[in-house]
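There are structures below to look over.
Note that subunit A is present in both complexes that follow, paired respectively with subunit B and with subunit C.
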Partner chain A sequence: MSEQSVSTELMSENEVRQRRLDVKSLDNPKAMKLYRRFDGIFILVLFSFLALGVQIQFTLTAGDWDYWIDWRDRRWWPVVAPMTLLMFIGPLAYGLWYRLRLPVVATAVTTLLCLTSWLSRYLNFYEFTYFPMSFVPASTYIGLGILLDCSLIMTRSLIISCIIGGGLFGALVWPLNWPIFAASKVPVEFNGMLLSMADLMGFQYIRTTTPEYLRIIEESTLRTFGGSVTPLTAVFAGLVGIVVYALFLLLGKWINGLDKYAKRIA
Partner chain B sequence: MKVVFSARSATVNLVLVLLLSLFAGDVVAHGERAQLASMRMRTVHWFDLNVAPLKVKVGDIVTVTGKFYTSELWPNQLPSPEDTVYLNIGVPGPTFIKLDASVNEVPMVRSTAFELGKVYEYRIIMRARIPGRYHVHSLLNVKDAGSLVGKGTWVEVEDHSGGPVPFVNEATTLTGETVNLETYGLGDVFVWHVVWIVLGIAYIVYWLARRELFIPRFIRVREMGQDKADEILTKRDFVVSSVFFTLTLAVILGGYLWGENKYPITIPLQTGKVDVVGLTPPTGELDIEVESARYELAGRSLMINAVLTNRSDQAYSIGEFLTANIRFLNSAISGPTTYPEEEMVAFDGLTVTGDSVIPPGASRPVKMVASDALWEQYRMTGLINDPDSRFAGLLFYFDEDGKRYYQEIGGPILPTFF
Partner chain C sequence: MAQTNTATVALDSGAESKLAGHFRRNRIVYILASILLGIGLAYRIYLNTMAFSVGTDFYSPEFQKYWMPVLYGEVLFLGLFTVCTSVYVWLTRERDASAISPELELSRYWKLLSFLTVIGIWVAAIATNAVESDAAWHQVTIRDTDFTPTHIFIFYFALPALTAFLIPTFIWAHTRIPAFMNKISIPFLCVVLGIFMIMPNYGFNEWGHTFFYAEELFAAPVHWGFVFLGWSLFFLVPLGVQIFTNMGRLIAQTTATESTASTEERQVI
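Right after this comes the complex of A and B.
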């Protein structure tokens, strides 16, 4: 917080004058018109960047976990998916809060991811490789994004929102998505074996390079806790969410500090 | 059908497939020639492949049967099927659905493990789903080793004469409901996605549709300094956010309860391995000692010198040598049979010098030459480039009644320069 006053002291006269002019320009309708035009372009650029960025990040990290309905187990997917999203959201959320006080990154990223995921499922999986949409539906994380953003504006503190929002972001993945894939977890008998509908579809719809054994289903020592897998995973994912989000907010802080050096060089 | 690369991202695969199909013909794209020659010779010997029928309509059944032998000379540098394997079909995506699969009559819903040096008989029942002409391969996904592909057979899938009929894939749940898996649960999926997308967009619009956005806000926050910057947030912002926060929690809870109510009985994803016992190949008490093996670098042949000792009470004649999915048949013997449209068969590919019949009790040196243009076509001549120059294959022989026996032969192999 004191950083700002220190840097103001260090500013040259020229810079101080420039800033005063900037503030004045806000009362100038012509300047405002220009700003609004720029805002329009910036929204397009920012959203394209977010959509592309989160799609690449998510494909590389969560990948198969989020493509196939028979990969979304109770243990790994609810931890991996929010973690990888928070890694992307953290630095951007810090920047937009610090510079603009705009708490929209998490909602924007999760909404855009949902839209691009549907586009990719439709084109890559349904049209190009013939998978039925019922086998590759997108997950949703939008609710988590809204909770994270709102907790920031409600508390006006990155730290508290990290604990509340980051925690909820991890913990609520499963209940949020439950209405979307509860159907795939209905039991079915196949060859005398008990399968979920998702397992049956995984067997039937041929994936040449994604054999069954690549799935990581419930592999963990937490198994000893018996029936309470889902709530336990939620607590664990919540903690992971807090830690990961905190780390990546710090990364954002570090990136934001870089402009000091940029000024010094100039 | 792609072979070596893992399926991390469909986009990457898509690009690779496009590149492959640009630069290569049918055969390479399916992986028949992609792997090292020595690897194809010493991993899985596929035989007796039968795909039937070869011409079907959408919704019809196609059955793939065959056998494979897991090589005892499995390359050390390649992870073995003794750990984890999955029996699969190599077709471009779910153009067929697998209805059933079994190995040695054990259902193969999941992954399994195979002992080396054993015979496994498999059967896969499929239903044609998408019209087209497909090169259907049997394949094994071996954990950490990638896909090992058997040879392919072309199957043609046609639409119904009256025009396309929607493909239906019915299943009955344990709760007694019969559903179509092609569209199962999709209606609800769309509804819930729409709910969330609308909420997300509403929230974004609230924040972005305002008179002062990026630049003005940036100027103001900079002017206020971090200590006072929060003043840019209005009471309305706070109220709207609280409403969104509460609403979101309520919808999450509501959705969860809706799911629990609609599907009260659910189970976790099922996993675990299936056990299957391998069969011992019918060797018929014939001992085969490979003395030496050579292949001509310039030509198209593999020459094996072996001593065959017949400890049984019947005479054997050598009928076929199989390696890397290529069948070299001895045309002097009537034993070996082929399936309709079978590929990779050299009908006159095996010459046995000396007496090709081994009488009971006899021990004879035999020189076998497996020779055909297929060597070149399937890039087996690249053996010289392999890090481990050994070969292996199955030798088939027949008794007087035409009964078939076989065993694996193999050993070091040397090139001959002419």
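Right after this comes the complex of A and C.
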């Protein structure tokens, strides 16, 4: 007995009838038109909400590292930024892959973040509070999202894509963004001190988080590793990416199990 | 009122152009979204014009004159809007789910998606306009009270407006669509509740800022409550699955049974 006939026996008559109608509707141009209209609206609604979701998530967990050119340090930003993005991508990636076999979430979320960040930097940081755009450019994570989604398409496994894609997502933040802010790392001499261009801009534009910047960034013994701080951080960020992505895929599994109705609010 | 709707599914068969038909079907989206974007744009211009000129000192008479009436007005308006709309939607609820035809049920799903599209446009406006305006503001001004211009803009208007749209939509869906009637969709509830709970979380945020964290590092733990509640958007995927499972069933059913009138013409928006 074939697998299909076994599963048909387990379904009620109504379910079989509905399944036949569903399959039949795929050949019906009117039904297909409505399906496509639904897809369009659903994508618009989902992406709008995701834009706000990733903006809230990112701005309140890694935002400061992403706002200012002088906060793109070698140690914190490459760890914090991919970690917080993977926290948001994980549950959605699980849902859309498990339910719809759509490996698009990472690319969609990183692209939405890029769009909203650029708009927001212009409207809020440049137009509203008069910071120069060269001081507040948005980073890009789209390439990382594409890598993560590609690893899922090619392996068709959330676990393997977590290890390969999650690891790459964490490790490649710095090289992907280097073309954007390389110019800000040019060394300059200022009052006898050696600074980067980004640091000099940071001291010209004192912000209320400047004390936090001085406390957090560029301290501790990791500096003694000299030029290898960046690759060391990349490897660690890769590990963090794998672990965080795995944990949030599990959260996604739990959330997608709640596709239920309740009789009343307990 | 809803009772009469069940019996009257409009079957428009006029020879309208395709474009005119598109605008007619989606007029709720275009009208409401235009109104919302107009309000948002006007508010944004007000913020840009008045924030730094008369909004940096809560204790100044200018602040009391130009910003506090805005706060009182928006809180009152949104509160009344939420209560009145929710009560109206509840009082006009459908009482007999069995009286709803598949065509009408499907049209209500499209209407639900229209509401969600309008809300989605508001959500996108918040993402690009509102969220980081507060971040930028706090980097150049010292906090003196909770009532800064950007807080009045985001905390007491933009996000409460989102809740004010979502709550009546939640009630509407659960009183008009058979699959949601007499029960509660857990993912839908989680989306609405999570976004609503961002507002009570202001309390922790402001208390924390007055008590132990005066600075405005945006990634500071005192702000993580907002993030946690933003995770309610993860429930959009199971909610979407619930909606399109039912819509797929209805589309297959209605397009299979109809013979002459096109399904598109049966949409009542």
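Everything that follows uses one rule, which is that the second predicted complex is superposed on the first by the 222 of 266 C-alpha atoms of A that agree within 3 Å, B and C clash if a C-alpha of one lies under 4 Å from a C-alpha of the other, contacts with A are read in each partner's own complex, and residues count from 1 in each chain.
Note that in this section a residue touches a chain if its C-beta (ideal position, glycine included) is under 8 Å from a C-beta of that chain, and two chains touch if they have at least 3 such contacts.
Just so it is clear, the structure is predicted and the values come from calculations on it, not from any experiment.
K.L.:
In this superposed model, does subunit C or subunit B come into contact with more residues of subunit A?
P.N.:
B
K.L.:
Quick one: classify A:Val235 as touching subunit B (first), subunit C (second), both or neither.
P.N.:
Neither partner.
K.L.:
Once the shared chain is lined up, is A:Thr61 touching subunit B (first), subunit C (second), both, or neither of them?
P.N.:
After superposing on A, A:Thr61 lies in contact with subunit C but is clear of subunit B.
K.L.:
After superposition on the shared chain, which partner residues are touched by A:Ile255: those of subunit B (first), subunit C (second), both, or neither?
P.N.:
second
K.L.:
Which holds for A:Asn28: it touches subunit B only (first), subunit C only (second), both, or neither?
P.N.:
Touch partner of A:Asn28: subunit C, not subunit B.
K.L.:
In the overlaid three-chain picture, which partner chain does A:Met11 touch, first (subunit B) or second (subunit C), both, or neither?
P.N.:
neither
K.L.:
Answer with first, second, both or neither: which of subunit B and subunit C does A:Ile160 touch in the superposed model?
P.N.:
Neither partner.
K.L.:
Based on the A-chain superposition described above, do subunit B and subunit C contact any of the same residues on subunit A, and if so which?
P.N.:
22, 25, 35, 38, 42, 59-60, 63-64, 67, 99, 120, 124-125, 128-129, 131, 207-209, 211-212
K.L.:
If you look only at subunit A, which of its residues touch subunit C in the complex?
P.N.:
Touching subunit C: residues 18, 21-22, 24-25, 28, 30-31, 33-35, 38, 41-42, 44-53, 55-57, 59-65, 67, 80, 91-92, 95-96, 99, 116, 119-121, 123-125, 127-129, 131, 207-209, 211-212, 251-252, 255-256, 258-265 of subunit A.
K.L.:
Using the touch definition up top, name the residues of subunit B that touch subunit A in the complex.
P.N.:
1-3, 5-11, 13-14, 84, 86, 88-101, 107, 109-111, 129-130, 139, 141, 143, 147, 169, 171-175, 177, 179, 181-186, 188-189, 192-193, 196-197, 199-201, 203-204, 207-208, 211-223, 225-227, 229-230, 232-233, 237-238, 241-242, 244-245, 248-249, 251-253, 255-256, 258-260, 262-263, 265-271
K.L.:
Please give the residue numbers of subunit A that touch subunit B in the complex, ascending.
P.N.:
Within the complex, subunit A touches subunit B at residues 1, 3-5, 8, 19, 22-23, 25-26, 32, 35-36, 38-39, 42-43, 59-60, 63-64, 67, 70, 72-74, 98-104, 107-108, 110-111, 114-115, 118, 120, 124-125, 128-135, 137-138, 140, 142-143, 145-147, 149-151, 153-154, 156, 172, 175-176, 178-201, 203-215, 217-218, 229.
K.L.:
Of all residues in subunit C, which touch subunit A in the complex?
P.N.:
So the residues of subunit C in touch with subunit A come to 44, 47-48, 51, 113, 116-117, 119-121, 123-124, 126-129, 131-133, 135-142, 180, 183-187, 189-190, 215-219, 223-224, 226-227, 230-231, 233-238, 240-244, 247-249, 251-253, 255-256, 262-264.
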